[in-house]
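Look for subunit A in each of the two complexes below; its partner is subunit B in the first and subunit C in the second.
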Partner chain A sequence: MKQLVVVGAGLAGLYASCLAARRGSDVTLLTSGRGGLGLSSGRIEVWSRGPPDRAPSEAPRGHPYRRVSASDLRAAVDEFRDMMTEQGLPYEQRPGANLLLPTALGALRAAALTPGSQSLSRIPPEAQLGVAGVEGFRDFSAPLAAAGKLGRRPVRVIPDLPPPSPPGHRDLYSTDLATQFDSREDLEEVAQRWSVALRGVEALLMPAVLGWRHHAKVHHTLEQHLGIPIVEIPTLPPSVPGLRLERALHLAAFAAGVDYVEGSRAVGRVAGRSRGRRADAVAAFTPGGMRVYPAQAVILATGGALHGGWRLNSEGEGRESVFGLPLAHQADGGEWTAPQMASPQPYSYFGLRVDRDLRPLAADGTPAFENVFAAGGILAGADRTRDGSRQGIDLATAYRAVRAALE
Partner chain B sequence: MKLSTEILVIGAGATGLGIAWDACLRGYKVIVLEQGDLAEGTSGRYHGLLHSGARYAVSDPASAADCAAENAILRQVVSPCIEDTGGVFLVLPGDPPEYPDRWQRACQSASVPVEEIPPSRILQREPALPHGMERAFHVKDAALDSFQLLHSLARSIEEAGGQVRLRHAGLRFLRHRSRVTGVEVQDRRTGRTLRIESELIVNAAGPWAGRVASRAGLRLPLALSRGTMIAFAGRPVQTVVNRCTFPGDGDIVVPIGTVAVLGTTDEPVSAPDHTQIETDEVQALVRLGRVLLPDIDQHRLLRAWVGIRPLYRPPGGRSSQTRSLPRAHYILDHDALHGVPGLISVLGGKLTTYRRMAEQTVDVAASQLGARRPCQTSSTSLRGARHHPYHRLPDRLARLDRGPAKGPHEIVCECELVTRHDIHDALERAPTTDLDDLRRGLRLGMGPCQAAFCAYRAADIVRKSMPQAPADGGLIPFLEERWRGIRALAWGPMLRQVELNQRITFELLGAAAPKTGPS
Partner chain C sequence: MSQATSFAADLCIKCNVCTAACPVAAATDLFPGPKAVGPQFERFRHPSLPLPDHSVSWCSGCGVCSRVCPHGVPVTEVNLQAKARLAESRPLRPRDWLLARPAMLATLAAPGTGLANAVLQSTFARRFLQRVAGLAELAPLPPFRSTTLRRMMRAHRAQVPPAARRSRRPTVAYFHGCSTDRYEWEVGAAAMAILERLGAQVVLPPQGCCGLPLQSNGFFRAARAYARHNARKLRPFLESGIPIVATSTSCGLALKHEYRAVLGLEGEEFDLLAQGTNDFFELITSQFADELNDTGFQWVDRTVVYHPPCQLRSHGIGTPALEVLRRIPGLRLILSEAECCGVAGTYGLKAEQFAVARQVGSPLFGELARETPDFVLTDSETCRWWIGGLAHVPTIHPLMLVASAMELAEVPVLSEGRARTYAAP
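Entry: the complex of A and B
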């Protein structure tokens, strides 16, 4: 049984941990915070510049997809989907093509897979769409969600619907609403209160707040009582579909026996315990003080700029955060943001350069450590926001890194 | 539409509004025209320092004396806009050793109060300052919130019967022979032309004064200079901090409201709208700021911006060396100078001395229009300043504390505690579909997250209450404007914020990004 330390609890770290544990490894997952899934739409974007399965061949040089094969990507996505189905979070997919899914600004954004509740596939093309927010809930706007006309389908803006529970003494967040839906026994009454406003509407678009733990039941029950399909649209963070995905991954990881250590900040390999270009143990600050986690292999899934996998100083010099690995970037005295927010951002491409086995490279171009692998947002070479490739990279590189680590 | 008035002021910065307020109190009929919004120009882009005068004691003693006198007056008449932080001047190892004594003598002769204090006492109060400072002096610097000052002035002017007309552009002078008799402008909202006849016109357009004068065929001795400033997300110091050397770049830190501002640079520019933020200037400013705040990299920087100073260039003065140009103000009577009666231009000056500039300008106006009452601004408190303290976070917190945060009182901007009610109220007072107007009025989106959350929420409110609002409620242009000020600070914690905002805007909300671009 191989001892594996995974650093990071986002999609890449959790998925890598699940895979490795299911393949018989002894996995310890170290995470300093909560991971980034609260910012996720819950969708799996693989490649929005073309058909998702062509990502490995269409991605430009230096892109993380150039380090995985088409069959790795397919296998990674398939195993993820099966794992989520087991956890009661079934995903929908269209073979060889992207799904187009509604957003809170009324656009359609491509994704390879989506939780069923966000899919437009069950809605007949001629159906009268209605979009509604929830009274007192600031993080979703029906008129803005209708603004882009969702690819020219006419959308009726419905006045905000009443929330399941009467207003409390503080502002509503998406998680409050999800909890309210989870705990309502009589969803029929909620549906009844909504039905007048929904007269003539044949499909309802609304913020993605329909339950967290009991989402499937809440969604199904409301659809039954209203008699129309309900499509969820992700809101401002916290994004409940991302939290549902996080929960499903946590449950899968616990079921597979992953040792999950929260509040532990990995800070590097351990002097005296590691020989040459190996990391035989990872040191971490934990709430109980500094601890050492022995490792035969390490997977770094610490994320990119947002999640602290690497940092820049004011001169644009950067380092990877755990092992101090060099960063591949083009900041050399230049600018790493674009003048326009909407333009591609040069810093998106920063991160770790890796070899064929996803081992980060040292300054001399050889693997920094024989047994350290990298996956997910920390890898250099992709504008995930504009390629629509974030979750595909996470899954495919986690899959590839686990295979390399267990070899 | 036709209007007529006695004094028409062009420019609603501190100078223009100060002149209008002074003139109102003396009994003149006044209209102020502004091309943009309140605080959109230089006055809203300053570091927030109410000068004690000490900074200019050596380089410009006349300005120093003016600042010291005005500092004392403004503390009385606009006290709600001022936070009495006090200020210190630090002598650091390696600074020219003879300068502090020379500076202290200069302060004395300009009547700028200075008191030497032991450096250890300063360090007890301000642990973020460099250890090993050699000498320290206490001065009467303070923080002055220019947004609140301008709003208070505008409100006071309107209550006194004057008019402040925002968003009027395309100015053209009306002439009768050589005399300037009025203007024609377009209301940018309605597109309608407005014709205003006035006995006297005062050009107080700050960095735009040269463009205004050129419409009357006149050239002004104006030199423009860029000052870059950076706000910290928080206050690493609670006192205004200066270096006790000849004024230079990056040698002031001003704690104001919820932030502290590091200023400034001084680069000559040719146009009043060269306010783009240059990454290398920001980085240079941070390097200089490290002298005053050695652990500057541990602090989160919030935003950078650029203000344009409209400096008077004396005959023979070089516009390529703006740091050494005097900071004093000059009133040009175009009748005496160019034979164009009916027009006065005001140049130079500092926000701290806006009241004095106004007084002297209205003195000139009075000599032409016939004197009425004497100046009263040094003894009359601004009415608006007393009734409209909406920029103070503690007040907002107290207000929210009193009532339950439900119904229309949901918080839209958590950083600055702007409620749905505040936005409805602002939209009722001044109908706008521009979120940036709401920002200037309410501080919406000016906190640490730089509108990542509140922009979408506010766009929803604008979209619901203003039928003519754009389909996205003005969200994207507003976020692009916020982007301008944060992109040059995209390292450390701010890079995380930048990436968070990208994720929210494009991946979660699905704003349309351009399809392809340079990678």
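Entry: the complex of A and C
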């Protein structure tokens, strides 16, 4: 049994931990906070520039996909899908093509896989669409979602629907609504209150708040009582579909026997307990002080710009946060960002350069440590938002890193 | 210190990860959530001006927000300091003064524990206490006991660290805390028996209350006095390389973290104490791993839900009890998803907060109703009393089950058959 330390609790870290534990490893996952899944849509974007399975061949030089094969990518996605189905969160996928899914700004965005509740596939082409928000919930606007016309289909804007419980002392968070739906025994009554406003609507689009832990039941029951399909659109954070995915991964990790350690910040290898260019023990700061975790291999899945995987100082020096590894980045501070927020951002490409086994490289171009591997957002060379490749990179590189780490 | 805390609040990027995880915001819309009352409202709190907003008083201090923050914002610590300022600005409530001193309560009750327990079990007395003192009528309370752990284990008391022996038996110093000493000596006795079976010599160093109940009720000055006392008395043990082990997760957290991060105490003795303090399962899985591997466990044909208390999770050590519980053959182990049971120390005992606290616990109570376990395991005493009392499920420290599986303790719930139905409260 191999002792593996995974650092990071986003999609890449949690998925790598589950895979390794299922393959018989003794896995400890260290994370300083909860990962960023609660900010995500719950969808799996693999490659929006073309068919998802072509990502490894179409990605430009230096892109993380150039380090994985098409069969790695396919196997990674398949095993992820099976794992989520086991946890009661089935994903939908169209072989060889992307799905087009609605966004809160009324656009359609490509993704390779989606949780069933966000899919438009069950809506007949001629059906009258209606979009509605929820009273007291300010993080979703029905007129805004309808403005983009969802790929030129007419969408009727419906006045905000009443929430399951009467409004109270403050604006509602998406998680408040999700919890309200979870705990309502009489969803039929909720549906009844909605049905008048929904007269003539043949498919309802609404913010993704239909339950959290009991989402499948809530979604199904409401559809049954209303008699029309309901499509969920992800909202501003906290994003409930992202939280459902996070929960499913946590459950899978527990079932696989992963030791999940939250609130523990990995800060480097323990030099006195590591031979040569290896990290045989990882040091982590806890509220009580330093703790040491022995490791035969380490997978770094600490994320990119927003997630603390690397840091830049005002001198323009960038360093990876745990081991202080060198970063591939623009040295001049003026070139970190583009003038327009929506333009391609140079910092998106910052991250670790890695060898074929996903081992981060030292300044001399050789692997910094024999037994340290990197996966997910920390890898250099991709603008994930524009590529539509974020989750695909997470899954495929986690899969590849686990294979290399367990060899 | 509090300046450092507010400065760290600037690290907040408003991602709402804490809001999604906060069990109190999920339970009541009276609480705007940790991000709002923490990093956001902190900008409006000036040391010389009155606090502009009182909604922070709904914070239970469970610590989930600080633990889940991806950017290292000490959200709970910011909020606990604001809560303490709020408490200072309000008239002193005798109830809070008493709840902050569990050992004193036990001492007061000691001459007549039978009578004191009869009073606490009477509906009339509890209604009276709710009306005049604001102690929630339905909040479960532990019975007073007629003896203490320290009295029973007199031979283990040590004023100073024992001289190193040739036998190389590692020594550990047990910080039992008030509740194990006064209300649950059997937990302490079982912990000591397990440690001794694993080859340790266990001593009971001099110690006072950890100070946490005082801190939670806003009595920072009194809490600091206890903290300094403990740090001074434990220092010689730590300097002799003797680890401190705690079976009460909140006491352990106070020693490790809150003295420095909430009470703002600085000095080498506090650093030593933080680094040298271990949760019970943290200690045995790290420092007695080989001995544990050589230990046989009895078959336990039971289904249990393990609820890791919020305070344990704040240690940042994961759930080391699972590593031991997974070795017990026959045991069907269900991990609770609930972030907090609701009581959060003394929060749920207060009449004005009881309903919210029970609502905070409702995800856990729902799990128990669905899974119908034979019993619940949880490391913190206040959680055990709360869950056991409100969900009517026997609730024990996981180390009691381990001691039983090692044939070191008798656990009544293990010898009974299972014929129970539960109703979520």
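Keep this in mind: the second predicted complex is superposed on the first by the 402 of 407 C-alpha atoms of A that agree within 3 Å, B and C clash if a C-alpha of one lies under 4 Å from a C-alpha of the other, contacts with A are read in each partner's own complex, and residues count from 1 in each chain.
Here is the rule we use: a residue touches a chain if its C-beta (ideal position, glycine included) is under 8 Å from a C-beta of that chain, and two chains touch if they have at least 3 such contacts.
Everything numeric in this text was worked out from a predicted model, so none of it was measured.
Visitor: Subunit A superposed: clash or fit between subunit B and subunit C?
Guide: Fit.
Visitor: Examine A:R170 and indicate which partner it touches, taking first as subunit B and second as subunit C; both and neither are also allowed.
Guide: So A:R170 meets both subunit B and subunit C here.
Visitor: Looking at A:Y349 after the superposition, I want to know if it touches subunit B, subunit C, both of them or none. Which is it: first, second, both, neither?
Guide: first
Visitor: So, A:M290: does it touch subunit B (first), subunit C (second), both, or neither?
Guide: second
Visitor: State whether A:V261 touches subunit B only (first), subunit C only (second), both chains, or neither.
Guide: In the superposition, A:V261 touches subunit C alone.
Visitor: May I ask you to decide whether A:F373 touches subunit B, subunit C, both, or neither, giving the answer as first, second, both or neither?
Guide: Once the two structures are laid over each other on A, A:F373 reaches no partner at all.
Visitor: Name the contact category of A:L39: first (subunit B only), second (subunit C only), both, or neither.
Guide: After superposition on chain A, A:L39 lies in contact with both partners, subunit B and subunit C.
Visitor: By the touch definition at the top of the document, which applies to A:F323: first (subunit B), second (subunit C), both, or neither?
Guide: In the superposed model, A:F323 contacts neither subunit B nor subunit C.
Visitor: Mind working out whether A:L243 is in touch with subunit B, subunit C, both or neither, as first, second, both or neither?
Guide: In the superposition, A:L243 contacts subunit C only.
Visitor: Who does A:Y91 touch here: subunit B (first), subunit C (second), both, or neither?
Guide: In the superposition, A:Y91 contacts neither subunit B nor subunit C.
Visitor: Would you please give the vertex angle at the Cα centre of subunit A, with arms pointing to the Cα centres of subunit B and subunit C, as a multiple of 10°?
Guide: 90
Visitor: See if subunit A has more residues touched by subunit B or by subunit C, and give me that chain.
Guide: For subunit A, the partner with the higher number of touched residues is B.
Visitor: In the superposition on the shared chain, how near does any CA atom of subunit B get to one of subunit C? Answer in angstrom.
Guide: Between subunit B and subunit C, the shortest C-alpha distance works out to 6 Å.
Visitor: Considering each complex separately, which residues of subunit A are in contact with subunit B in the first and with subunit C in the second?
Guide: On subunit A, the residues that contact subunit B in one structure and subunit C in the other are 39, 168-170, 172, 237, 306, 308.
Visitor: For the complex, which residues does subunit A have touching subunit B?
Guide: Touch residues, subunit A against subunit B: 39, 41, 45, 60, 102-109, 133, 136, 138-139, 141, 143-144, 147-148, 167-172, 234-237, 239, 304-306, 308, 311-316, 335-345, 347, 349, 383, 385-386, 390.
Visitor: Going by the contact rule at the top, pick out the subunit A residues touching subunit C in the complex.
Guide: 28, 32-36, 38-39, 168-170, 172-173, 175-176, 179, 183, 213, 237-238, 243, 247, 250-251, 254, 257, 259-265, 284-291, 306-308
Visitor: So in the complex, the part of subunit B that touches subunit A is made up of which residues?
Guide: Residue list for subunit B touching subunit A: 276, 279, 283, 286-287, 297, 404-407, 410-412, 420, 453, 456-457, 459-460, 463-464, 471-473, 475-476, 479-480, 483-484, 487-488, 490-492, 495-496, 498-514, 517-519.
Visitor: Report the residues of subunit C in contact with subunit A in the complex, numbered from low to high.
Guide: Result: residues 13, 15-17, 19-21, 25-26, 29-30, 32-33, 66-72, 253, 256-257, 261, 271, 274-275, 277, 313-319, 322-323, 326, 335, 337, 362-363 of subunit C touch subunit A.
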